[in-house]
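In the two complexes that follow, chain A is the common piece, with chain B as its partner first and chain C second.
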Partner chain A sequence: MRPLLACIALVGCVAPAFGADYVVTQSGKAFSVAAVKAKVGDTISFRNEDPFVHNIFSLSDAQSFDLGTFAKGESRQVKLDKPGKIEVECAVHPEMRLVVEVAK
Partner chain B sequence: MTRWRPLRDITLALASASALASSYETLPGKTPVARGAALFSKYCSLCHGAGGAGDGRAASVQNVPPANLTVSWRSREYKMQIVRDGGAAVGRSSSMPAWRDVLTDADIANVVDYVQTLNTENRR
Partner chain C sequence: MFDTGASTSTPWQRPAVAPAPADNHFTVARAELGRALFFDPRLSAKGSMSCASCHNPALGWSDGLPTAVGHNMKVLARSTPTIVNAAFNPLQMWDGRKGSLEEQALGPFGADEQNLPLEELERRVQSIAGYGPLFAEAYPGEPITRTTIAKAIASFERTVLSDGAPFDQWIAGDRDALSPAARRGFDLFVGKANCTACHQGFNFTDNGFHNIGVRDSGAPDPGRFAFKKVASMQGAFKTPTLRDIALTAPYMHNGCYETLEEVVEHYARGGEVKEHLSPNVRPLDLSAQEKSDLVEFMRSLTSAPRVVSVPALPR
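Moving on, here comes the complex of A and B:
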């Protein structure tokens, strides 16, 4: 129980049966955190709390993905498959950046 | 003889700086195509590429390749709609965002003005 409480306090994550789920919100054209430290098998859920669309993608060597564009109140999730550094961007708002450090 | 009025002059200088900062997106004095080119570079080239050929740095992670705008035969009205309302609104890829919350109608018109110049068919 103690690890779960610590996880929620840090970046708003919940721990499912396999790996943690980190919840990162998009509000005011910014991610709620600048960086996330996670492990392989964890997931990150991106939740749009702005009244306009956001987009999530990464072109990083460690893991590249495109979660597409989604509206206010919607979420997209990505599972972290490999260790390394992932830079997450929003195609609609180029100034938005998030770094995810994925450990083994 | 003009008397120096520090407070007024500083206020005017700050107002000028503020005007410059806030007019970055609209680039007053530039042609619509030049304004569209600046906006295209900032918001569209990521997927469509600097020259509009659909080869932007984010093209590789898209399930549906971004449109090659150098060969697009679509009308100006269609382009206005897909930029404003997004790909899903016209039955195309939802990866193309609706830009109406980011760009004004005038911005979108300028972007389309620029996109029209990318079409190699139009150059012949």
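Moving on, here comes the complex of A and C:
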């Protein structure tokens, strides 16, 4: 995992169900990492650092979501609620791809 | 102010060679075969329509019409995109439904344009004796099939590239190549007018999809949404190149604007239809001078005049 991926461990918080939050940035029409390995209950925060909008989504069988369009400096978060492989894309920029492997 | 000829110029300079897939590396023989196929009207249902009927080099490799006219004069839903620099597009078509030039090349044959089933396309090409040696040279040992037909057409399209525009000369360091108005227009383009939110780099496209608030005359065109069921893709279309844009009116996916001035007015008012509108599009407080400067800049993207040869077709 490359250093741009920040993992903020929340273990020890009051709410025991909390997992880790992985921060994936979008810069230069690219995700900061190509792959993330996470667990059910973890979250991924997508932060846009480009001067134009992104629209992160997945239509994977394991989990589908649409975080909508968001501008520079904004973030959107998704909670990983099922195990499996999630292919994440940007609807605006189809060349942006990220694979999330979610373990139980 | 942008510094021409500096290292910052690089993103605005076209690569010398268009990329080609590993299974269809570029050769002159392939491109010349593709040129013949591209201009051959016999490869259509009535023997009257070639790729060049819509992608006419005399009209900026488009057709000058609001929307394309296909087989039996059927008026189609979308405008004909230029093929200039299409070789650099990761996805083809307004909605991006084709993943390569090779894949795209076959689309119009079996559809409303040439209206020729691909089996019949293969038979017709095979029946023209003069094509045999050209295929043998271009694709030795391979049969004449839709695959090699598509590869040849794609190879030809990889030769249709922008070149020698005043902007290119200016970006290479010739400070007199652009008028003061065009230089001001470029500053607006990359700054206040926010055009580079989508029209980025040497090909002036982010290869992305955006709803820019264009009004369709009939039912709204779903655009990219037909293939990507994401709300923001409703009415979203691929960002077209702005290379040779002065040669390819009318503009937008449905050809609703006849002039670049109308296009600039569209963006200045923040689009026409607000539903699903990209946040990149918002009202711009542009003066008449600034609008005029933007148009002048876009005109500077016109390639130097060139002669395009139409081949004598194989018999």
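Throughout what follows, the second predicted complex is superposed on the first by the 87 of 104 C-alpha atoms of A that agree within 3 Å, B and C clash if a C-alpha of one lies under 4 Å from a C-alpha of the other, contacts with A are read in each partner's own complex, and residues count from 1 in each chain.
The working rule: a residue touches a chain if its C-beta (ideal position, glycine included) is under 8 Å from a C-beta of that chain, and two chains touch if they have at least 3 such contacts.
Everything numeric in this text was worked out from a predicted model, so none of it was measured.
S.K.: With everything superposed onto chain A, say whether chain B and chain C fit together or clash.
M.R.: Chain B and chain C clash in the superposed model.
S.K.: For A:Phe65, using the defined touch cut-off, is the partner it touches chain B, chain C, both, or neither? Pick first, second, both or neither.
M.R.: Only chain B; A:Phe65 stays clear of chain C.
S.K.: Answer with first, second, both or neither: which of chain B and chain C does A:Ala103 touch in the superposed model?
M.R.: Neither partner.
S.K.: Given the touch rule stated above, what does A:Glu95 touch, chain B (first), chain C (second), both, or neither?
M.R.: After superposing on A, A:Glu95 lies in contact with chain C but is clear of chain B.
S.K.: Does the superposition put A:Ala35 against chain B (first), chain C (second), both, or neither?
M.R.: neither
S.K.: Given 79-87, 115-123 or 169-177, which part of chain C has C-alpha atoms clashing with chain B after the fit on chain A?
M.R.: 79-87
S.K.: Determine where on chain A the residues touched by chain B overlap those touched by chain C, and list them.
M.R.: In the superposed arrangement, which is not itself an observed complex, chain A uses residues 51-53, 55, 57, 59, 66, 68-69, 91-94 for both chain B and chain C.
S.K.: Would you mind writing out the residues of chain A in touch with chain C in their complex?
M.R.: Touch residues, chain A against chain C: 29, 51-53, 55, 57, 59, 66, 68-69, 71, 91-95.
S.K.: Under the stated contact criterion, what part of chain C meets chain A in this complex?
M.R.: 90-91, 96, 197-198, 206-210, 224, 228-233, 236, 278-280
S.K.: Touching residues of chain A toward chain B in the complex: what are they?
M.R.: 51-53, 55, 57-59, 64-66, 68-69, 91-94
S.K.: Under the stated contact criterion, what part of chain B meets chain A in this complex?
M.R.: Contact set of chain B toward chain A: 42-43, 46-47, 57-58, 60-63, 86, 94-99, 101-102.
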